[in-house]
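In what comes next, chain A is part of two complexes: it sits with chain B in the first one and with chain C in the second one.
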Partner chain A sequence: MAEHLSGWPTGQAKQLAVRLLLGCLTVLAVLTLTFVLQYAVPGDVARSIAGPRATPQLLAQIRDRLHLDAPLWDQYWRYLRGVLSGNLGESYVQKQPVRSLIAARLPATLLLGVTALVVEIALGGALGVWEALRGRRSTLLTCLNTGLLATPTFALGYLFLLVFAYQLAVLPITTGADAAHLVMPAVVLGLSGVPYYSSVVRDSMTATLASSHVRTAVAKGLPRWTVIRRHVLRCALSPVVTMAGMDIAVFLSGVVFVENVFGWPGIGQLQDQAFNNSDRPLLMGTVIVAAVLVVFGNLLADVIRVAVDPRARQEASA
Partner chain B sequence: MSAPVSIEGLTVAYGDQVSLHDVSLDVPAGTVLALVGESGSGKSTLAHAASRLLPPNARILGGTISVGGTDMAALTGHELRSARGSTVAYLPQDALAALNPVMRIGRQIAEVFTAANGRSDAAEMAVEMLRRVSIRDPGQVARKYPHQLSGGMRQRVMIAIALAHRPQLLIADEPTTALDVTVQAEVLELVAELQRDTGVTVIWITHDLSVVKEIADTVAVLYGGRVAEHCAADELFAAARHPYTLGLLGSFGGARTAAPKERFTAIPGSPPLRGGVPGCPFHPRCTRAEDRCRSEAPPLLGGVACHVVAREATGTGAGETGMTA
Partner chain C sequence: MKPRYLIATGLAAFAALALFALAAPLFGSPLHIDSDGLTTLGLPLGIASRGHPLGTDVLGRDMLARTAYGLRTTMEFTLVANIASVGTGTAVGLAAGFYRGRVEQLLMRLVDVFLSVPTVVSGLALASIVGRGVTGIVVIVTALYWAWTARLVHGEAVRLRNQPFVEAALVHGVRPRTVILRHVLPNIRTLLLNISALNGAAVVVVGSGLSYLGAGIAAPRPELGNLLQDGTQALSYDPQLLLIPMVFVIALVLSFVLVGEGINRTVPESERRSWLNI
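Showing the complex of A and B:
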């Protein structure tokens, strides 16, 4: 292998480059598919921009300006060229560049996503570790997980609003972007990932607890907590990190509902508006940003996994 | 350092299936006992019980495991933790699985010292242990991860971990099985050498009679969770008495000397399932089995547990009355 690669970067860097390239292809595929799907949806864009009482002249003018009468491949090519030069087009309805609309909303969504991930890891991780150390399945936790799995995110969201904002009135019911407004959406989004996360943590922990090297650690006469901290948790981490990377994708689909339920001013809300207004450039823009975030999240998980597991380092260079 | 080991009436069960029945063994201080048996004979159960590493579903139902006066079977909590490694050390079969994959070798040895007395020079002592198990360039090996070492090296690292606490009893659970033959011989030699130096008492579990020949002072043959024969190693090869041991020796000799195409001698039938049969566990496969063997488990008399052998040794009538009394 080494002979073939002489002159090439080292295994790890090459692996990373390949992943990046695959990531770009993924984003391109998502872009193409979404673009084609949009044209399969019935509806006259020009009319939705100009309103029901627009004159035929105005409609024709709009169609001409947006090249709506051009063949699909021509429109696609125009759009793709724009995206590659960093121009995501202009929103039909809000009459602003899509790029600046998204840039204004992105920090809020990232904040919500990261907070939800922290909630999920803390809660799901703790429950998974607890159940693994317990040695047998907990009926209570199984019921909780099944309940959470069966509850759609938006329903859980309204339930939270009803209980914590309306009846107990401990959290704000209004729209806003501060810490108090972050609590409910982050918890609801995080809770939606808890069943998956606690299962992965439990299975990974259980397998590690039964492994031969943990027996060695016990045979050394180490205290129980040292064995768990040093030999079990660290080894059980790898699948958990991979899971967290994939959860970024799960959260990005959940974010649309959660942001709308709680009025959190993020990309999910923007996407919802774009969909309702047939605002094609804006919808495309939010989809592309989501695809980039998913690719980036998985890439980040891989990098972290390599950092915590020396065996993955060897796989990468082999 | 060296301590006599005495196991009395040890009974171990997985759930409600008894896999070790009333096993008694003696190992004089500083000697090597080879524990021989096929899969399911209970030899690994005995190893795990004596080092108190039984899985959670297994229970010690009775008996004592005395190591230099400490009853390992009775220890709990903090006493058990400090006895692990220092009174009894365990050397496992698969060294790759038995080492933490994400921790450097040096640290895995060093934590034995830090666990015992929080020594600050644990890292240097770990390197010293690697040198003692004849690893070249121990300083560099200490910085490696398990998957970067060869099978023989990993087993040497396991030996270093096991002996780091200067244990009184070392339980070696088929540590050479996963290695290829030349490495097997090296590891065997190393353990024999360290055993002579430190005087540690060893229980070596194996199904390979050539290993017995190599290092054992005494031998115990396990079958179906009971001791079939317990004698000196030389005696086993010269004058084994139990029908199972004879069959074992027959198939071993056959495998060693048989010319190509010549048939191996094998013991007819297959080993018992856990839980077993009433009477002598070997009777379904034994060519000399009598009615009594089917109903009553033979006690260990003069190093052998067999009704037929006992009767022949004492004369027909005397054996009957002696046994039934």
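Showing the complex of A and C:
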């Protein structure tokens, strides 16, 4: 990676550094917000841990252990240091470190997210390319896109459950974590992103089809599909990468519903449980992890875009 | 499809839903448990039963009344939260666009922060603090969605502040506030309508979604999301309990999406043509 960086124009590396710094600031701001939400709200933290019938001794013990009597600034500093060294606190209910609880669930959610991304790009991309090559809007695709946009993820999930698991009985109704159980959540999560991808791909393709380098390629007599493959698709790829980076935020919202509907054991389910148990450290821990994933996902998308798209490189160094 | 048909269809659907929600008291109480509300086996009544056009729920309460009141709650928080979030976002976006320098930097960094927290995740975290109910939903949705409007409005404000007519007004010594009110706002009217439509769709999805998860409108008060949650209990034997609220959620979101899509398409598409088909 370092060799790559040194090979790039300096403007590029500088811009990347600025974005990295801004990303870190964003994470810091999210940490501050979660701290404020956790500690500075009315209500006794010790009591919310120990429950309404706790003895004064127990409350005092908890306050002492969590330094709840220290000044707010001191607590904030302690909190920041803790989070930065990887300590997200301990779950009130499960009595385990939040970090290991999240780490145990992360792979399942990543698997779900990656599969959904494949579904989304394949389906959305194909539909977008088709509509762009067609040259005018397709009523069928408009209906499909509007329908998908109007169907919340949880509603789509239950429709799938009703049709494929109950009526047709081709997919499992039980909960589990194997391939057969992955199909429905991944397809539902992917489908909810299809309208965005198909319209981004269509717009980007339409713009590329009208550009002068495509005119040249057509004029020198290249076969239709060579033009599309070599001169149009590659050009139209760049916004898709940016979009995929932004998708992390969308997916992390979507998985809460999808995992709830299909019982997929990932982070979304963990969040749902944490909310129902009023388990604040776990809830805030998932918010922090989600924000970090989003910020660095966007950064990664930028790096990839610059790597695959020479225009982005010029843009940045200009 | 012509844009004006899309907008008209969306508005008509919205008006029909609003009428149904307003007429909710005509259908009786959503909480009343009817003595013959269940079959002799103790199962909910199906659609088109006598006295209960949409059947009853697992406790024997009238689904028509519950759905109408549920829709009413959903529309209530949607309207308030939509106005609050689009309003906040517009104010921030315009301020950032016209008071340049530190203010702009600070506000837009704040927008970045809010854009980088996934909505439902932080919605759950916020819900554990602000509590349940319409006010809670409005606070959560406003906190989560103002930044989207702010970013779009800021982009448009930056474009407009370099336009000759805005520069001329500023050079003549017109106060920025007056310039914004008189010259900028009328120019971003279409954008704001478009944002409100799409934002409205998002508000319905997130608000009813949080209620579905148990984080929004709480149980005795019917809301489309928590009706849907109730319906999931009867998934295997009476799926209509799930499907009825689902149809209404989708219809409500659809009315917003259609208006948004219609407005989108009134913006003239570029005259560019593909070189492939010549």
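The rule is short, and it goes like this: the second predicted complex is superposed on the first by the 264 of 318 C-alpha atoms of A that agree within 3 Å, B and C clash if a C-alpha of one lies under 4 Å from a C-alpha of the other, contacts with A are read in each partner's own complex, and residues count from 1 in each chain.
Definition applied: contacts are C-beta pairs under 8 Å (C-beta built on N, C-alpha and C of every residue); 3 or more make two chains touch, one makes a residue touch a chain.
Note that the structure is predicted; figures quoted are calculated from it, not measured.
In the three-chain model built by superposing on chain A, chain B fits alongside chain C with no clash. Of the two partner chains, chain B is the only one that A:309 touches; chain C does not reach it.
Contacts of A:39 after superposition on the shared chain: neither chain B nor chain C is touched.
When the two structures are aligned on the shared chain, A:234 is found in touch with chain B, with no touch to chain C.
When the two complexes are overlaid on their common chain A, residue A:135 makes contact with chain B and with chain C alike.
By the document's definition of touching, of the two partners only chain B reaches A:221; chain C does not.
When both complexes are overlaid on chain A, the residue A:77 reaches neither chain B nor chain C.
Between chain B and chain C, it is C that contacts the larger number of residues in chain A. Closest CA pair between chain B and chain C after superposition: 5 Å apart. In the superposition on chain A, chain A positions 135, 210, 215, 218 are in contact with chain B in one complex as well as with chain C in the other.
Residues 135, 210-213, 215-223, 226, 230-231, 234-235, 308-311, 314 of chain A touch chain B in their complex. Partner chain A is touched in their complex by these residues of chain B: 51, 53, 55-56, 81-86, 89-90, 92, 94, 97-103, 111-112, 115-116, 145, 147-148, 158, 161-162, 165. By the touch criterion stated above, chain C contacts chain A in their complex at residues 1, 109-110, 112-113, 115-122, 124-129, 201, 204-205, 208-209, 212-215, 228, 232, 235-236, 239, 242-243, 246, 249-250, 253-254, 257-258, 261, 270, 272-278. By the touch rule above, chain A contacts chain C in their complex via residues 22, 25-26, 29-30, 33-34, 37, 41, 132-133, 135, 139, 142, 146-147, 149-155, 158-159, 161-162, 166, 206-207, 209-210, 214-215, 218, 224, 227-228, 249-250, 252-254, 256-257, 260, 271-272, 274-276, 278, 280, 283-284, 286-287, 290-291, 294-295, 298.
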